[in-house]
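Take a look at these structures.
There are two complexes below, and they share subunit A, which is joined by subunit B in the first and by subunit C in the second.
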Partner chain A sequence: MANDREILREIWEGKIPVRFTLYPDEVYELQQPDEFYLMVPRLSYFPLVIDKVKKHFIRYVSNDKNDQEMWLEYDGQPVKWHFPIGLLFDLLVGTGPDLGLPWHIVVHFEKFPETQIFRLNSKDLVEAHFMACLKEADVLKHRGQIVSSMQKKDHNQLWSGLQNDKFDQFWAVNRKLMEVSGEVDHFKYIPFRIYDIEGFYKQKLVKPVSDEGQRKTLNDLLMEMYPKRATSVKVLTHGMFPPLNTPLQWMSEHLSYPDNFLHLCLV
Partner chain B sequence: MAKLEETNWRKCIIEQIQDRNRNQTRYFHDIITQNNRLFENANALRSENLQLSIQNEKLKADTGSQPISNASGDSKLTERIQFLEQKVLVQQEELTELHRRKGENAQQIIDLNVKLQEREKVLALKETSLEEALSSNSVLKVEIRMHESNMKEMENLTQMLRDEHQALQLAFNLLEDKLRKVQVTLDENRQLVERLISYKAKDAQKMNEDNDNFLNRAPKQHSALTLSTFGLFRYVS
Partner chain C sequence: MLDWEEFSKHLSQMKSLSDELLDGWAILGKTGTENGAYLAKKVPRLFEEALLLFEYNVVYDLSYGVPKLCFNVFRTDGSMLQLNECIHVLGFDGEPVLVLTQMDHPVLQRPFFTLHPCKTSEFMDFCSNSKNPLVSWLSAIGPTVGLNLANEYSQCT
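Right, the complex of A and B next:
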């Protein structure tokens, strides 16, 4: 049971300061636009939070281009905005004492990199992607029984809770997804993705308990995924390194992103 | 032992997250909200500034068009200008009035044109009906003439018949008279014949008597037969 509200609350409240600037070559006005600062929730998605940014910068690009789609770049790479923001930050910036905060993101209006990122020009598309991930996670955990027994209203509540940063609204429904069903006190499989440094991820069917009925830990997961170098890797999620003896079941219940996946970055 | 372990990893995690939130969120939160607020303020002020400058320009333009009475205060000039302005105002009003009237008139023209067209249509209709009536009229006239001639002919015929009738009547009367006369003569004739017959009968009787007398006195040579036959014959004729 996901009952450790203190952890959930702290995770929910994680925000990253971001500094948005317009790509200098696309400035059409004489005056350079001011930078735009924003606190973005780690658990949210970029397309949900950048309305204001777009409104701010669109005045500075030429008129015939402002109906084009906006996209984001960090360090010369387009930002894959279908990932949650916290995951992107962990992937692209990492962790440490000096992160160079606020996070510097460059805004583009031209030359949309179609081959590298999805077009998420409406919130409906993001919602569809989010719901797809959620359903996949539930299939892994409960064979999809919970999510399919929910009503459309519950799905909407999940989504609007995430969109409007309402912790209680979101968790009122998400709690059901984190419950274990029947006699067993664990999920069927743990929904997780392990990302390497290039941003590619691996998934595998991993059970939260071993064949002998013992609870598996993060260490066991790494042993299964990378048997050769399990001792040399560390895992980063939510901007911190969970200890190797953290039980997988507990991690899945408490450290999952809103799409119910554990997004782990390999360091 | 297990409990201790659990608290260990949990403590480790929560410390890290709290640390993270402190470092990444709380330090920046206030400053960025402040920045956002300043940003909005700046935007609002900028747009207000723009509006004000536009207003300013407008006011400037307004004042520029008005004569700036210099320090001398040329009251006569301003008075004249006011007078002219008023005149212009009146003229403008007149102009708008005229424009309006023009519009009304144009509307009226259009309306009247429509009416005229309607009338013309009606007229054409009437004309065609008139033509029809005229043609039927002439036809009827021709008929009348025909009937009249017929009648005259008839009259002539009747006259002729009447004349003939009269003539015949006359002839008839004449003939009737004649007939009557003839009947009278016929009667006379019959009486005469009767008288003649009676005379003849008397003659015959006398002759018979004479004969008888002769025979009785005359010679007795003649055969009795011949004498009787002869006597008979004379009697009969």
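Right, the complex of A and C next:
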């Protein structure tokens, strides 16, 4: 059970300051637009929080371009906005004494990079993507039995809890997804993805306990994933480095993103 | 449920038959790595006097333990069809569309239109008598997205 409520709260409240600017070549008006600043929740998704950014910049781009889809760029690369914001930050910016905050994101309205990023031009599409991840996580944890036994209103409550930044509303339902069922005190498999520096991720079926019934730790997971270099890597998630002896089951219950996956970045 | 070993075995079998039939399926990616390879075929098709190129990929879904069919459709200028355009080309107009969404291709990790795998597992149980459940599944669900397998493939099921 996800019992350490302070941790869940702390994770939920993580925010990142972002500075948005419009790509200079796309400015059509004589006057350059002001930058736009936003404090965004780490657990949310960019397409859910950038309505105001779009409204701010769209009047500066050519009229025949403004029906085009907005997209975001960081450091010359399109931002894969189907990933949660906190994961993107850990992946693209990382950690260190100089994070260069606020995070500088460039806004585009032209040449949507359609082969590289998802078209998430409606909240329904983001919701469908989110629910698909949540279902997949439940397939790994409980053979999908919890999600499929839930009612539509529970699904809606999860989604609106996330969308409206309502911790209690979200966790009232998510708690059920974090429960262990029946005789065992752990999930079947741990839903996780581990990302390398190039932004590619790996998944694997990893159980939270060993064949002897011992609780596995983050270190065991790294050994299973990268037997040759497990000792030389660190894992970054939610802007912090969890100790290598953290039990996987506890991590899954407390450090998963709202999509119920652990998103771990290799450093 | 299929594990990765079974999936790749069925994949190779289908590829061999495709070679005999000159049907154009290729195995791409890294065959030695778990969930590293997939089956791919490009199919040109005329639609309303425009030439479209359908790129079909049969990939493995590790979490569900099932195959997944994903595709993208390109115009001759290299641009991709969007969801509503695909729905029109495939003749789905007016039907619920959320069975077809963009998902990350498990190997390429780029967006592909994908038939959601949540029902595939039930379907795979249904094909459990087949010698090649992958081919049975693909010949059944392929036509919904315009992919028809030749009758000759039935010899491996």
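Just so we're on the same page, the second predicted complex is superposed on the first by the 267 of 267 C-alpha atoms of A that agree within 3 Å, B and C clash if a C-alpha of one lies under 4 Å from a C-alpha of the other, contacts with A are read in each partner's own complex, and residues count from 1 in each chain.
Keep this in mind: contacts are C-beta pairs under 8 Å (C-beta built on N, C-alpha and C of every residue); 3 or more make two chains touch, one makes a residue touch a chain.
All values reported here derive from a predicted model rather than from experimental measurement.
When the two structures are aligned on the shared chain, A:Phe200 is found in touch with subunit C, with no touch to subunit B. In the superposition on chain A, A:Val184 makes contact with neither subunit B nor subunit C.
Of the two partner chains placed by the overlay, only subunit B lies in contact with A:Thr246; subunit C stays clear of it. In the superposition on chain A, A:Ile117 makes contact with subunit C only, not with subunit B. By the touch criterion stated above, A:Val267 is placed in contact with neither subunit B nor subunit C.
In the superposition on chain A, A:Tyr37 makes contact with subunit B only, not with subunit C.
When the shared chain is aligned, subunit C comes close enough to touch A:Leu140, but subunit B does not.
Of the two partner chains placed around the shared chain by superposition, subunit C is the only one that A:His129 touches, whereas subunit B remains out of contact.
Subunit A uses no single residue to touch subunit B in one structure and subunit C in the other. Interface of subunit A with subunit B (complex): residues 4, 6-7, 10-11, 13-17, 34, 36-39, 99, 101-102, 238-243, 245-246, 255. Interface of subunit C with subunit A (complex): residues 34-35, 62-64, 72, 79-80, 82-83, 98, 101-104, 109-111, 116, 118. Those residues of subunit A that touch subunit C in the complex are listed here as 82, 114-119, 125, 128-129, 132, 135-136, 139-140, 144, 191, 200-201, 203-205.
For subunit B in complex with subunit A, the touching residues are 5, 8-10, 12-14, 16-21, 24-25, 28-29, 32-33, 35-36, 39.
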